[in-house]
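Both of the next two complexes hold chain A, though its partner changes from chain B to chain C.
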Partner chain A sequence: MFWHNFKYNLLIILRDKAQIFWSFIFVIALGTLFQVTFGNAYSKSELVRDLDVAVYIEDENVSYIFDNFIANISISGDGEKLLNITYADSIDEAAGLLDDKKVRGVFYSEDNELKLMVRAAGLNQGGMDIQDGILASVVTDYHQIFTVADAINKKTDINPLSLIGLMSSNGDNNTEKVIADGKMDAFTEYFYNLIAMGCLFASFTGLAITKYSQANLSTLGARKCVAQTSTFASTTAALLANLLILYICEILAMVYLTIIGVDFGDKLWQMALLVLIGTWTGLSMGYFIGSISKLNQNAKEGIAVGVSLTLCFLSGLMIADMKFIMKEKCPLFNKLNPAALISDTFYALNVYQENTQYMKNILSLLVISVVFVIAGTLIGRRRTYASI
Partner chain B sequence: MQVYKTFLRIFKKQIGSCMIYFCIFLGLMIGFSKMGGKGTDKYETYSCKLAIFDRDNSEASRMLTDYLSQIHEMVDVPDDEKVIQNNLYFQELDYVLYIENGYENSGRLTNIKRPGSNTGMYVDNQIASYESSMSALIDAGYDMDSAYDITLEAMSDEGLVKVYGNSVEKKPEYYYFFLYLPYVIIMMLFDGLGAVLIAFNRQNVSDRVNVSPVPIRKRNIQLAAGVVTLGVGTWLLFMILGYIMYGAVLINAKTIYLILNSLVFTLISVGIVNIVGSFNLSTQNIAMIANIVGLGFSFLGGVFVPMSIFSEGLKKISMIIPTYWYVMANDGIMLDENIGNIMQYIGIEVLFAAAFMVISMLISKRKKLARAE
Partner chain C sequence: MGETVVKIENLVKRYKETLALDHFNLDIKEGEIFGLLGPNGSGKTTTINCILSLLSYDKGDIEIFGRKMSYDNYEVKRNIGVVMQNVAVYDELTVYENIDFFCGLYIHDKETRKKYVDEAIDFVGLNDFRKYFPKKLSGGLLRRLNIACGIAHKPKLIIFDEPTVAVDPQSRNKILEGIQQLNADGATIIYTSHYMEEVEQICTRIAIMDKGKKIALGTKDELKKLIKNTETIIIEAVGISDENKRELGELNHVYEVLYDGSRLTLKCSGGKHNLIQVLDYINKHDIPSGRVYSELPTLNDVFLEITGKELRDREV
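The block that comes next holds the complex of A and B.
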């Protein structure tokens, strides 16, 4: 009887277009949107080299020394080109390039000194950004050479120009220690949260399972209540059949996202287990919501949507900073929020070299889901109806 | 007023789920109220988030620490790789410097940073410049204190960088209020107004109303009054919330335009919901469309993520999304942009609203004609 129920539950969910939409279509639609919007944001904001700058230096001396200087620093320490220079014919032309956002900054001369002009910070950018900082450090380095050279001239007879080579120390004594092989792209958090959302949306089918097993919610539920098959067998079959299909949906969505360029890492088996347990947690949450009260189905659906979306929102689905805010203001909440646990587990998999955090989070998700299933079953069992 | 009253009665049933979005918005505002980014028309040296572990504790190491702490924000983190890793990932920390034992003689340093990052390169470069300047001056015969003073002066960027264009002193808290408003308004209107429109457009209900003694014109006027009540009511609710949260600060010459901008965006949302609501859809289908539209508009329009990270191509695509113009107008108002530009952005939004209204009217007219045939 279990397999009979299992088979029909498979058919039911496969024909449930809404659920397939939430668990598959919605995830891939939103994932595509995320990839288009900020797929390259990390490399654009954090890794970009080859900064576009305009140069207009009227002073011949400054111009000569600047050209020598720029030849020295135009390649950054990692061997990539640092600056992409456009020479302007006037300061107005250079400022025009800056205004049109064609260049990040303008190097110009004033009072025999090299100076830099950058654009005012945009509102959504939070002050000067790192690229402004890098350009400013070019001017500072230039200025530093002459200040130090002046000071040295007071003590010795070293030719200041020979200092240009001396001053461009490459920082060999500052060794980089790499503590993890994983990615450092914080924007990937959005994709982790997206998968977490897909998992929690499994709660909608969890709700449907209670609808079709409770006599006061559907005629099918009433029919099942008087049938000989035990509620345990039919509910287990329904939960497992739903889990199987939703799990396949989530995995397919992840495959799609990987194809369009999202990097979830290479720990495939651990991720597969995480998505399975995440989906199970979502399903059991829906099962619990469906069992808790005698509200009508629409109200319960509203609660499931609201709870899932709120948990995802607090885990950083809409605004990535939210998770950090929650970590600071209410750390316990993140440890109980299934969406935050799922996205944190993805993070732990990709960043930490050992699996302790992964195992801890998986265990937390399992405990949460077991609590949901047991509570849902205890509330929903042995219900009798005088009339329906 | 029968239709109008029924309209509001159906909406009453939806209030609970609308409140979910209202609470999300409240949470957002409280979370973001303490965050105010720095925008300035005066250049300030770019500051990274740095942690320094001084294992040498010598005069030279203290000088290096002192120099870096003058430029950067020092973050207090334990010397634990996992904690450092987390902080680097979430950009709560950009660079960790270990001043190794014996630094005064060997100059040995170790750093942890996001591999290949600009912030890492920036701090690396500052340390290298500091080191080379200090060693050149000491080699020339200066003592450490004098060398340090000259290095500080040499590495100062004071007066070397000029800022071009307008900026604001600090993003006021209400900036976030108006920034995130489109998402909540779209979602709440889909949830509340969408549900009512679906109820009225359900085939049998609509047929029943059509054969009732209420004239069609009267029915349409009452329906339109209902739509306006809900749209303007939702907008008013947020304006009152804004006033409660920010008080009199919210009433100034700038915010009048922000308020106008949000009202126009509410009309756009009403237009979109009207179009979707003209079809005979289930509540679930409406929820699907609401999420795609709400999140899609918010991400692509620059509400949830700044447009500065968009590629040029994506920015062009975003122009067909009304939230893009909403955010442009908002930013323009905050940055004291030319009033003509701001009105142009708001004008484009008005065109969007008008287009959506016309489309929704055309759809319902076509549907009526199709049914008559």
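The block that comes next holds the complex of A and C.
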């Protein structure tokens, strides 16, 4: 009886074009769009090497400190040169280099402060590109570090130059966690959130399972309820069959995204388990929404879509900083948001070698899904049909 | 009559303040085609849902095949088939797969199931549509698929809840013949419908419900005896005066005379020669007349007389 139900539920979900669209086609379409749009922009960051700049600093104090600062930041962590510096003898000479497009920007001093000059279409006209942005951030970093070093210097005997060197270097004195092979930048996080969205879209199927298993929600549900098969057996078969197909959809979407250049890292088995648990969480969320309310099916579908997208939004699918805002303002919600948990777990897999965070998040997702299933089942069982 | 298949005793069901079933009793015997009639809101659907344990009730007992019915009494459920008013099939499955799926909820053995599914497809005449998806079927074919899904597992009790709604006359006839065939093959049938002529055509016994109560029960002839009207005479005639109407109303067994300017209608209660005496009167008074009809009461007349003619718009 279970296998009979399971087999036919596999067929039903495989032929359900709408669900396959949302769980697979939509995810890979959005992923492709991400990759084409932002992947290109992101690869431009590779251009932020060997930036030609001119330096003319009249003020001796600024010059002394800036020289030390710039010496520390000019070489990146991987040993490659970030800035290619030409020292000018006058501001006019520096400006001339800029006009001749021989340098990208000019660092100069004015009223004992470090300033940046870029070409007219750049910073001052609101048309700042990535390279201008990097140069502007050098000035910002300099001011921040100078302020801190100056404050420390006033209270201690530590040489400000050594402080600046320490603070602007790559931090040899900091112990860095060992990082796994995967990427962990904001760009890759979009894809973690995209997969999280695909997992939560399984809620639409969960909703359909509830509809077709309860007599008061559909005639099909009524027909199944009068049959010689327990609702528990047929619902379990439906949930597992749908889980299998939607899981395969998400895995195929990840394979596709990897082929087009997204780097999910190399912890394949852990990721496979994460996607399985994530899809199950989405499915159980839909099952719960389907059971909880006396609203009509369209309203429930609207709620499932709204909740899924809101959770993804709050985990940073649309705005990358949103997850960090939520972490800061609403840490408990972030720990209960399945989308945030899924993308966090991907992140944890690629950042930490040990699996503590991964296991914590997996456990949280499992607990959330079990709560959804139990609550949905209890609500469904306790219902006395008001009208059929 | 055979053994009792469905026994309902003192069934009470409330929806908040509304009393949907008011100490309702019913006995349905083996081999019957039992018609359950009633206006909207009379409690038919509630009764069916209580029988099927889809609905909890406040008081009373329901026994099917001599055993108390409950939602987890799967042995009893094995012998029940339901054909819902709304088509209940999966759009993603073909005709064959739909019937096989629902049959498989009862029949475990693959070979037996295959045989049953083939027989059900034969029975409803869907052999040419085995690989069709429901969306490709016409309304009538869809209804037939709906029936096949409900009866493929060869139940002993089949409940048809308005199975011919929105069906063309050919398909309706096929469905009614099918129900009679199922009955002839040994199944007990419970049939609900708003179409009186269908109930009159196939049901061996009929219960009329209103306001949650059974207000009449019997064969169609027994029910017809419950009402005053035994014959309605209709004559196409012109120039009927009030005097004529009064005198016609005084004829033996005539209890109501209606005239709309071209049609004279006389309702009679009892008597065997009402038409002759009415025609005698028409001839005697030289009233110009055309076609003459004599109609025996229908189940519709019984239904309207018993339940009243006011509109009902509440479905419980």
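Here is the rule we use: the second predicted complex is superposed on the first by the 242 of 388 C-alpha atoms of A that agree within 3 Å, B and C clash if a C-alpha of one lies under 4 Å from a C-alpha of the other, contacts with A are read in each partner's own complex, and residues count from 1 in each chain.
Convention: contacts are C-beta pairs under 8 Å (C-beta built on N, C-alpha and C of every residue); 3 or more make two chains touch, one makes a residue touch a chain.
Quick caveat: nothing in here was measured; it's all calculated off a predicted structure.
Student: Mind working out whether A:220 is in touch with chain B, chain C, both or neither, as first, second, both or neither?
Tutor: In the superposition, A:220 touches chain C alone.
Student: Contacts for A:352 in the overlay, against chain B (first) and chain C (second): which applies, first, second, both or neither?
Tutor: First partner only, chain B.
Student: Which partner chains sit in contact with A:331 here, chain B, chain C, both or neither? Use first/second/both/neither.
Tutor: neither
Student: Could you figure out whether chain B or chain C reaches more residues of chain A?
Tutor: Of chain B and chain C, B contacts more residues of chain A.
Student: Have a look at where A:261 lands relative to chain B and chain C in the superposition and call it first, second, both or neither.
Tutor: It touches nothing on chain B or chain C.
Student: Name the contact category of A:22: first (chain B only), second (chain C only), both, or neither.
Tutor: first
Student: Which residues of chain A touch chain C once you look at their complex with the stated criterion?
Tutor: Residues in contact with chain C: 1, 4-5, 8, 11-12, 15-16, 215-216, 218-220, 222-230, 234, 384-388.
Student: Where on chain A is chain B touching in the complex?
Tutor: Contacts found on chain A: 18, 21-22, 26, 29-30, 33-34, 36-38, 40-41, 44-48, 76-78, 95, 98-99, 106, 113-134, 136-137, 139-141, 143-144, 147-148, 151-152, 155-156, 158, 163, 166-171, 173-180, 184, 186, 298-299, 301-302, 305-306, 309-310, 313-314, 318-319, 321-322, 324-325, 347, 351-352.
Student: Can you name the residues of chain C that touch chain A in the complex?
Tutor: Where chain C meets chain A, its residues are 15, 45, 49, 52-56, 71-72, 74, 77-78, 80, 82, 84-90, 92-93, 97, 101-102, 104-106, 108, 149-150, 316.
Student: Spell out the part of chain B that touches chain A in their complex, as residue ranges.
Tutor: 16-17, 20, 23-24, 27-28, 31, 35, 37-41, 43-46, 48, 81-82, 84-86, 88-92, 98, 106-122, 124-129, 131-133, 135-137, 140-142, 150-151, 153-157, 160-168, 171, 175, 183, 282-285, 287-288, 291-292, 295-296, 298-300, 302, 304-311, 314, 331, 334-335
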